[in-house]
Structures are given as structure tokens and as C-alpha cells.
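Letters A, B, C, D and E name the chains as they come in the text, with residue numbers starting at 1 for each one.
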Amino acid sequence: MVRAEAARMSAGERVLGEQVARHARRRRARRAVVWAGRIGLAAGAVAAWDLASGTLVRPFFVSTPSAVAERLAEWAVSADFWFHARFTLTSTALGFLAGALLGVLLAWPLALRRVAYRVVEPYFLIAYSVPAVALGPVFILWFGIGLAPKIVLAAYFVFFVVFINTVEGIRQVPQGLIDVTRVLGGDRWVTMRSVLLPGALPYVLAAFRVTLPAAMIGAVVGEFIASNRGIGYLTRAAAGRYQTAGVIAGTIVLAAIVLLLSLALRPLSRVLRWRPEVRLRGEEVS
Amino acid sequence: AEPAQEAKRITIASAPNVFLSALYVAKDDGLFAKEGLTVEIVEVESGNDSIAALASGQAQYADVGFEDLAELSRAGDDSVVMAHDILNRVTLTLVMRKEVAERKNVTAASPLRDRLGALRGLKIGITSPGSPTDTYMRYYLGSVGLDPERDVELVPLGGGSALLAALEKGQIDAYHLSPPTPYVAAEKGFGVVLIDGPKGEVPELDRFDYTAWATSRQWAGENAGTAAAFSRVLAQATVKVKQQPDAVAAQIMDDLGSSDQATVLRTVKAMSSALSDRGCFDPAVVQRTLDVMLRLKILEEKADAAEGRLWTNEYNGC
Amino acid sequence: MADQAAAVRLEAVYKAFVPRGRSAQPLLALEDVSFDARPGEFVSLVGPSGCGKSTVLNLLAGLIQPSAGRVVHHGRPVTGINTEVGYITQDDNLLPWRSMLRNVEYGLELRRVPKAERRRRAQEFVELVGLKGFENHYPHELSGGMRKRAGIVRTLAYDSDVVLMDEPFGPLDAQTRVILQDELLKLWELKRPTVLFVTHDLVEAIALSDRIITFTCRPGRIKREYEVRLPRPRDVFHIHDVPQFRQLYDALWDDIRMEIAAT
Amino acid sequence: MADQAAAVRLEAVYKAFVPRGRSAQPLLALEDVSFDARPGEFVSLVGPSGCGKSTVLNLLAGLIQPSAGRVVHHGRPVTGINTEVGYITQDDNLLPWRSMLRNVEYGLELRRVPKAERRRRAQEFVELVGLKGFENHYPHELSGGMRKRAGIVRTLAYDSDVVLMDEPFGPLDAQTRVILQDELLKLWELKRPTVLFVTHDLVEAIALSDRIITFTCRPGRIKREYEVRLPRPRDVFHIHDVPQFRQLYDALWDDIRMEIAAT
Amino acid sequence: MTIRDARGTTEHATAQVLARAAGRSRAAAARERLLVRSGIVLLGVALLVLWEFGAPLVVERRYVSSPSEVAARLAELVLDGELWGHIGVTLGEAGAGYLIGIAVGLAAALVLVAVPVLDEIAGPFLAAFYSIPKIALAPMFIMWFGLGVLPKVLLAALMVFLIVLANTVAGVRGISPGLVEVSRVMGARGARLVRTVVLPGAAPAVVASIRLTFSRAMVGAILGEFIAAAQGLGFLIVRSSRQFETATVFAGIVVVAVLVMLVNAVIRAVESRALPWCAQRPHG
């Protein structure tokens, strides 16, 4: 009996061990495939670009990977470039803050008053479907040519998404939690602080994450319209001097900034430790 | 190729401008149609886009400067060639806010050096980086010992109306551009014209091929008849521009998107002296243009002035 | 019936709901419902789905107001949120962003019990239901049974003399259920609050209650009341064996079956 | 035990899971599980939560593969998706975009039964469980009990000789449950497929099964098997009254309680 | 054991309660409707009045225009027929790009879903691509694809493509695994599985993203027209904006907003008819 027990235990452990090893093998193989695929894809794209440039397409149109790399390297060590980068980051950050703050602050009273929300809703929808880019030149007149129009554009791109998501976040807080709090003796203020605020937080943070790149896009649009600083300006200046390499390098820098910003925001989600899975809503839908 | 098989459709990439009056007149008077040509004008944002449109074969003609072509050529692209001259001098007209000019104590009558020297420390509007407003401004500044990066601030604002509005609101102190907008600033009283471009006040920039119609070398070669017809029609229309400015001014209002006929008329009159008569390039003027550009550092290295390289008179019947 | 000493009482209560849509018909959830519960009594409400059991509890908690009739708590009519009752809802309604212990403290916190005191009391209850060691877990890290336990002690921790429980063991599996029933009875014996307990499980109703009230189907009316005269403390694990069980169960089941058949 | 005529058989089956997260521990869900079910037999699997009951059904459906041992269906090992069994999961898993009738037809459609024929058969089953009149309703327009019924007849409509049912009545209220148990037994009597039925409800297991297999807690092992020698057809409404009931119930309950206590 | 058998109530009281409740609720609903409607109208009027009479006090009229000017300009554009040409061009470009973007996005999503390794491989590239400001691409698109409709169509398609792709992948991932497993056990495989489960299951997410992205397609087409065009709403807007004809700029913007909302409404109507099973979802 005792021996049989021991034998069975070991059988179970053996199976478990085998399964774990099998899984580890499979996971390693998969990771290898994924990384090989990523590197292959990137290398293939660069190689195809390099080959095509000068044979299929004139370099004037697509530049060459080496020229772009060279330009990026030049920028990396030039104080000038960092000055421009700082400008873009500043307008992005300020615009983001302004838009996010306004969105959250405006959403709060409106989400709690159904009638008021229904009254303003159609106007928000109208404002949201205005192609902001279309306002470009008029913006110069309204907000001048300095930092202001970039901040305004960036904030515009941020505001609506934050507003809508905050309202949604407040609304989806289960009525049950609110009822329980009230029966436990919580007043309006307590309900707001202890239930609505933490309940809506995931949505607000999700909106922040989606709109951070949007803020930069807004700032860059502003720089395209009128500016003598910023990465957007650098890109445009390169285009003005027929330096396609500079245009592509600028585009790459912009994409890189967005990726870095999203990475920087990641720790924010640690606030949401209490969630089973930090998969923020609206991440893909914007 | 047989003329009958030649392309009859011409796409032009350009932004509205008074010095393109001949084009609008030719179109409006049906001169192109008489030659069997269909001409479509695509409005582009900036000169860079015109060059791109030409180089990619999307447009057959665009109005550009020699420096654009030279740069393109330096980038290894010889696909574009100047085919018809437009302006024989730089028509950029410098306008400054009135109170700034008063503060700096300059007028149109001051010596050229003083007028340019007054730009120190100002916010100066340009259309876009790399455009003529940018490069020639850098020349002006350099010619009086100012550093475009440190002594002034150059602000790209896109187009004439934006520059005009920004000047009016005091967001910039000065800018230069081909008329009419600088004239408008003066007429409205908030601007002072310091350099009247069409008059050729800057000697170095007179007898100078500022802008011309460029075309795709390959396209023009394959459609020589069409190219010649295009030049012919433009030359014909230029005559009307010079002789009947009033009629032309009324005619081109729409093309310019303007509603101020008096200013347009004034501009047409002012510009006509700068317009090339028959679109023919003078090898000497081209040579001088390129030399000056090199000296002004608008060009970075010497460009080949020989006919057939950057320019050709092949379609102009000179 | 108008027993002045009743802990809670419904007097000829009607409750109509008018759904939002334009075409929607108003529906009568409760019709002429009157009953009371004595202090310390454990009363179960059973009846088919949708017959208005939760509505009764919501009325007592003051979350909704009767369309007609009166809801009375210790002699005073309930007109707003009734913070003097404890309410354990069908969903556990734990705050997902608070650890288990801080959830148990929540009610005490809202009642401004000093920090040290509330920590002590919460901890005591947590240990009572065997949740020790899970104090810092977030609700999603607890099993269904653990969450239920936390929800129950959150409410019991602050000593309301009336506790409303809406199918508290609804979604649990049969075994965990019985274990929790046993725990609940033990907790109840400590202070003997008045309990109004909604359930679909007739065995559960019999095992726990002093009295069982059955409801008719929509509109919800009281069908019958049963006294459960089983001695306490009870052994919920062997409630089937008790002689009266079978008879009571059959009577209840007949009531319910008739109502289900009627729909 | 190696009965060649067995409808389904597990032979010394082990199943280990390696969860995705980095920190998550691998776990053994089933350990050395062997049992079989004769054709036409109604077998219930009971055991504490997480003991691997659903895992057994998933193995039989071919949705997962054993880590060791063999899963055999009619003498053939199950290596891929086993489309010859019918599988009724705990969630009803109706396709939300199909009307109720078209959901019931779904299995027949996938088996390429001609349109007229499948409509006839689906309609027949729909009437059998009293869903007539709701054919064109979408799942979200049906009550929980109706959805369950639709899910069950969807599977029964295509006559698998082996039907796997995973807590099919789990989320229903006690009354609806009993009614559906009764309906299920009647449907089962029509063709008498082999049924493997997972439940937590011991009363339900006794009321329905020919045999009950209890599982130990993780890792899931077979603890005991019980024959239920009650005559058929059975009256699920009065199963409590049957003499053997009590004894069997207590035995099962002791098994389960021991396992729960062990965790 | 039975204490009481309380049966029989006054029909009269019941009817009274129901009638009173219905009346109260109807009155409340009517009051709210009235409040909302009059609120919308009042707010609209207030905004217009503020714009018409308030704005000129702060900024010069010609920089902000005014509702009356915009309306007049709009009427003019409609009457002389100019507007229809612009609308046709832009709608054509945006529409073509929209359809292409949706088709390519859906196809790519199905491939990524079918081969999860591909999804993992492509992930970082798609994220990087997504974060490129499309306005930076516009000039290059003109260079690469010319002055005609092609670059605008492609820009519109690009704006749509990534969002549809991401939402479709999310939609397919969101299908309950139980649904798929049950279908497979019932015998669904390959194309049948895709047709009967995957596509309808992902449909609500896909349709929602499709509805949302039309405005993106419009922005793409308009961006393209900003850089180079001979006709189109973007051309109209940018041209008048260069001339500071603010009234025309706003007229153009109004038209764009109206078009977006119209198309939205049409898609919503089609959606509620084509996907009746998600009619109940509040946000579907």
C-alpha cells in the first residue's frame, strides 16, 4: 500500500515534470520564431528598401537606409536636434496636461447629471467630428505662432477621448457598489471619493494612454502649420531642401517618441494592481 | 513621335500667384484649347511639392527656381529641366510693420544697407523652410552681416495671407513675398514696403532668372510638339498681360482667390516689367543667376549653366 | 399584526415599476404586501424568480420608495436611505480596489469607527470565517466562497440589528453553500440580529429560518407563512434527517410549483 | 474494467497544466484517472471545485490531450476534436447572432442534414421542451431557463450516442433546476445515449444517475464509485422520499466534505 | 404550521397604484425630454449668439467670421453648385479609401488571428506604424503617388486600416472560447467555423470600429487635399483659409461635420438591421 502510494506520487510528478519541460521547449521555440520573424522582417524591409532605392525608385523619393541612419546619427549628437526635440516634447506634455485635465474636470459634473450630459452631448459630437487639421491657418490668427497653438491642438486631440472615457468610466461603476456604500452610511462625497473615483480610474488611465500619442500628433500638426522649432519643423525643413533622408528620419523620430512615451506611462497601470488583468478599455478603439 | 500621338493633357502643380497671370489668361481665353491642349492646375502647398510632383511625373509643369533644380540635380536627379522663363528679377517685396520701421528709423528711401540692417532682432515671416522667402532672406541678412540663426527669428507661416495677417496682428515684424500681399499691408497702413521687388531695387537680383516653368525632361522630349505649343500660348498670353493689365486683373481674380481688384491691378502693373517677354532663357543671364546664387550661398556648389543641363530653349522658338 | 415591537414592518405595500422605454408597460412588483419581523427573528422570503423578493429588501434599505403603503423600521417610516440596516446583496459588491481586510473595514470606516478599533474588529471577524492570511488579497484574488464570506462579515462587523440578505449563497456550489450556511448561523447566534433572508433554496430556508414567507408570482403577494419550529442550534449538514423537514419541504415546494406553473 | 463494449473509457489518464504567467505554478489536474461508461449509462461526476471534472469532459471532447494515459471512445483513441460526442457546457454557449430555432439547428447544419429535415427535427425538439412560440427569439431575449433548454436540445437533436454535460443547470434557481432535471430525464429516455454529467448538486446526481463517481481534490483522482439502484423512470420532484436516498446522500456528502476539509 | 393565508386584494387599490405610478413616471419622462430638448436648443442658440455678437468684441470679425456669414456662404456654395463638386471629390476619395482600408484591415486581421505567431511578430511594427503622425506622411504620399486621387485614397485607407485591424483582432479574441469550442465539437472547422462563428462573433466590434473610422477616412482625404488638389472639401477649406476667408473655412468644416454625422447615422441604421442580436447593447 505504501509502496503503491509512493509509485503513484512519482508517476504524477513525472508527468508534471514532462509537461513542464514540453512547455518550456515549446515556449522557447516560439520565442525563437517570433524574434527571428521580427528581425527578419525588419532586416528584409531595410534590405528591400536599400535594393529598390537607386534601381526601382529614384533615391530622391525614398532616400536610402544608410542616408537615414547617417542623418539620425548626426542628429543624435547635435545640440540643435535636442533643442527641437525638447520643444516638441514640451508642447506635447503641456497640451496633454491641458486636454486631460479639462476632459476629466468637465466629465465629472456632466457624468453625474443625465439631463445636462444629454444637452451637451450633441455639441461634443459635432466638435469631435471637425477635422482639426482643417483649422490650421486660422489657428495662427487665434493663438499666434509660439507654443500656444501647438498646445491647443495637442489638447484638442486629447480632450474628447479623455472626456468620453471618463464619462463612460463613471457610468459603468456598478450601481450595486454605490447602493452598498449609501446603505453603509456614505454620503455623496464619500460615494464620489471611495467609489466613483477609483471605479472610473481604469478608464481615465486608458484614455491617457491612447491620447498621449494623439497629443504629440497635435503638437506636430501645429509645427507643420507654423513653427520654427520642433521635430515637425525639422521634418518639414528637410522636405523643403529635398532631403528625403531627413523627412524619413524625422518620421522615425516621431514614432520613436510615441513609443517611448507609451513605455513611460506604463508604470501608471501599477495603480490598477487590484484589477485581474490590466487590459485597459478603448486601447484599440480610438 | 507623331504630333497626333502626343499627350494633349497637361497637369500643372502651382500655388496661385500674380506672376502666373499668363497661365490664367491663356486658360481663360481658351488659348490652350485652340492648340488642342487640356490644362489642369493642381494647387500645391509649397514649391517643394511642385518639384516632387514634377520629378515623379505626376505634373508636367511647375513654376520653380533654378536653385530648386540645382539642388535636385545635386541629389542625383536630372529628370527635370527649365523650359520657359517667367521672371527676370526677384520680385520678393519686403514689408515691415509700420511702428517697427519707425522705431528702426528706416523708410523706402533709406540706403539699401540700412533697410536690410533694420531687420536685426526681428521676427521675420517666411512661407516654409527651403522656399525662396527663406533662402533670399538668408542672403539679405548675410549681406549686412546678420546671422539668420541668432540675430533674427525666421518663422514659417505657410502662405501670403497668413503672413499678412500675422504682420497685422504683430506676431511677426516683417516678411517678404511677391506682391500683392506686401502692397496690401502698405495700403491698409500697418506696413511699410522697404524693398519693392518688381522694381529691381537690389541690383544683384536684377537680370536674374528667378522663376521659370520647369518640365519633365523625358515627357517634353516625347511630346515636343505639345511642349512647344504650351510655351507658345504662354508667350502670347504674356503679351496680353503686359498690354491690357485692367482686363487681366479682372480676369484673374478668381484664380488668385482674391476679391480686391485694385490691389491685383496694381500688382499686375508692377509685375509686368519683371515678366520675361517670350520665355526665352538668355545663357548669359542664366550664367549670372547661377553665379550670384553661388555667391549668395543659395547654392552650395557650382552648377552647370550650359544649355541642356538645367535649362533648354528647345521649346521656346527663340 | 401591528406589533409595535416589530423590528421591521411592511404595511400594505404596493410597488410599481415603470420601465424606461416609451412603449413599456408599468408592472406591479408588489401588491398589498404586509408582514413584520420580530427582533432577533430569522425570516426567509422564498418565491419564484421575479416575484419581488429583492424589491422588498430594497424597500427596507430605503433604496426605493413604496408606491403605496408604509415601510417601518423600529416604528419609524423609512423615507430615505436606511443606514441602520445591514444589506448583503446577491452580488458580493466588494470594492475591487480595496484589499479584503479594507473591504471588511469599509462599513466601520463609513461609521467613523477609529482606525485601531475598526482594524481590530475587522480582523476578529476575518478570523471567525477563516479568511486569516488573505487580508491583503484583492477581491479578484479570492475564490467565490471567500468573497461571499468577506461580504457577509463586512456587514455583520458593524452590528446592525437588522440584516437583509439577498440570495447571499446564490452562485456558490452546493458544498460551499452548506458550509457557509453553518458559518452564518454561528455568526448569527453571536448577536441575534433580525435577519430577512431571500433564497430560492428551500432546504436552506428551512435550515436557517424561524419563519418562511412564500410569495406568489407577479404581482408579488404573500402567499403563505410558515413557522419553522426546529430546535436551535441546528445542524445544517443533517437537516434532511429532521422529522419535520420533509413535510415542510413538500408544503413549500407545492406553493412554489403552483406559482411556477401559473407563469 | 477494460470492458471492450465501453462507450467511453479513460485509461490511467494524467493531465498537467502549465499556466501562461511567469510566476504561475504548473499543476496536476488529473492523476491516474481510469473509468468507463457503458452504452446507455448515465454517469455523474461529483467533487469539489477545481478537482478536474471539466477537464475529464474536455479530454473526451478532444479539446485537450492527456499528458499521459489514453482516452478511448468506442474503442478508438481520441486524438483530435471528437465530433462524435455532444457537449453541453456550463455556459449555454448559444450563438447570440442566431435565433433560438437556428441555434437548435446548428449542430444538424454542421452535419449537413438537409434543410427541410433539420428544420423538422429542430422544431420537434423545440416543442418537446416547451419552447414553441420562441423560435425566432434571439438568445438575449430568452430567460436563463429557456436558454438552457435550447442548449440542451441543440445537442440532443443530432443524436450523439455520447453526451457530455458540464453543470448544465449550474446558474439556475432551485425550482427551475428540478423542472429541467425532469425534462432532461424524459429526453434521455427517448434514445438513451451515454451521459457523463458533471454537477455539484448531490441530490441532482442521485436523481439522474445510474452511477456516481466522486473525485478527490487536486490533483483530481477518483475517490469512489457508487451505483444508484433506483428504479426508472424516476420522479425527481420526490427523490427525497425514496428510501435509499438518504443513505447515498450521506455517503456522497461525507466524501465531498472530507475533500473540502482537506483543502 | 400555517399562520395566515393572505389572499384577495382590492382590485381598485391596485389599479390606482399602477395608474399613479405610470402617470408620475410619464410626467417625469416628459419633463426630462422637455428639459433636454429645450436645453439643446437654448445651448445651440446661445453658442450662435455668442459667436455672432460676442466674438467680434474680442477678435476681429474676419478672423472668426459669424454664423450669419457662414450660413450665407454655405447658401452661396450650394446655389452656385460649387459645393457638390467638392463634396463629390472628397466623398469619393474618402469612400474609396474607407472601403479599401476596411477590406485590407479585415483581411490582415483574419491572417493575424489565424496565425498567432504572425500577430506576435507584427505587433511592434504595427504599434510603431500606428504612432506615426499621418500628416508627416502626407507630403511623401504626394511625392510617391502623385497629384491625383490615389494619394488621398491611400491616406484615407491608411487612417482606417490600422484601427479596423486592431479592432477586428480584438473582436475575434473577444469571442468567448466556449462558443468556439462547442462549435468545433459539433463539427465546425475551417471556413465554416470562420463563417458561422468567427465573423459574426467579431462583427459588433468590427462594425463599431467601421462606424467610428469614417471620420478618420475624411481626415485622410482632406489631409491629402491640403497638400495638393484641384477640387475637394479639403481644397476648398485650405484655399479659403490661405485667403483668410474664414466664412468659407467654417462652411467647409460644417459640411464635413454634417457628412460624417450622416454617414454615421446610415451605418448605425444598417448596423441595427444587420446585427439585431446586439441591439440590446448600450454601446455596441
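Rule of thumb we're sticking to: a contact is a pair of C-beta atoms (placed from the backbone, for glycine too) under 8 Å apart; a residue touches a chain by one contact, two chains touch by 3 or more.
If you want to know which protein each chain is, UniProt gives these names: A, E = NitT/TauT family transport system permease protein; C, D = NitT/TauT family transport system ATP-binding protein.
For clarity, every value in this text was computed on a predicted model and none was experimentally measured.
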**Message:** Return the chains shared as contacts by chain C and chain E, ordered by label.
**Reply:** A, D
**Prompt:** What chains touch chain A and also chain E?
**Reply:** B, C, D
**Complete:** Busiest interface, judged by C-beta pairs in contact, is A-E
**Complete:** Taking each chain's mean CA coordinate, chain A and chain D are separated, in whole Å, by 46
**Prompt:** Roughly how far is chain B from chain E, going centre to centre by Cα mean, in whole Å?
**Reply:** 43
**Asked** How far is the middle of chain B from the middle of chain C, if each middle is the mean of its Cα atoms, in Å?
**Response** 86
**Prompt:** Taking each residue of chain D in turn, which ones touch at least two of the other chains?
**Reply:** none
**Fill in**
Shared-interface residues of chain A (touching two or more other chains) are 61, 136-137, 141, 239
**Message:** Can you pull out the residues of chain E that are in contact with at least two other chains?
**Reply:** 63, 139, 143-144, 226, 238, 242, 244
**Message:** On the basis of the stated criterion, which chains touch which? Give every pair.
**Reply:** A-B, A-C, A-D, A-E, B-E, C-D, C-E, D-E
**Message:** Which residues of chain C touch chain D once you look at their complex with the stated criterion?
**Reply:** 48-49, 143, 171, 173-176, 179, 200-202, 237, 240-241, 246, 249, 253, 256-257, 260
**Message:** Taking the touch rule as given, give the residues of chain C at its contact with chain A in the complex, in rising order.
**Reply:** 61-63, 81-83, 85-87, 89, 91, 93, 95-98, 106-107, 110-111, 138-140, 158
**Asked** Within the complex, which stretch of chain A touches chain C?
**Response** 174, 176-177, 179-186, 190, 194-195, 198-199, 201, 273-276
**Complex interface listing, chain D residues touching chain A** = 14, 16-18, 26-28, 31-32, 67-68, 219
**Request:** Note which residues of chain E are touching chain D in the complex, please.
**Result:** 176, 178-179, 181-189, 192, 196-197, 200-201, 203, 275-278, 280
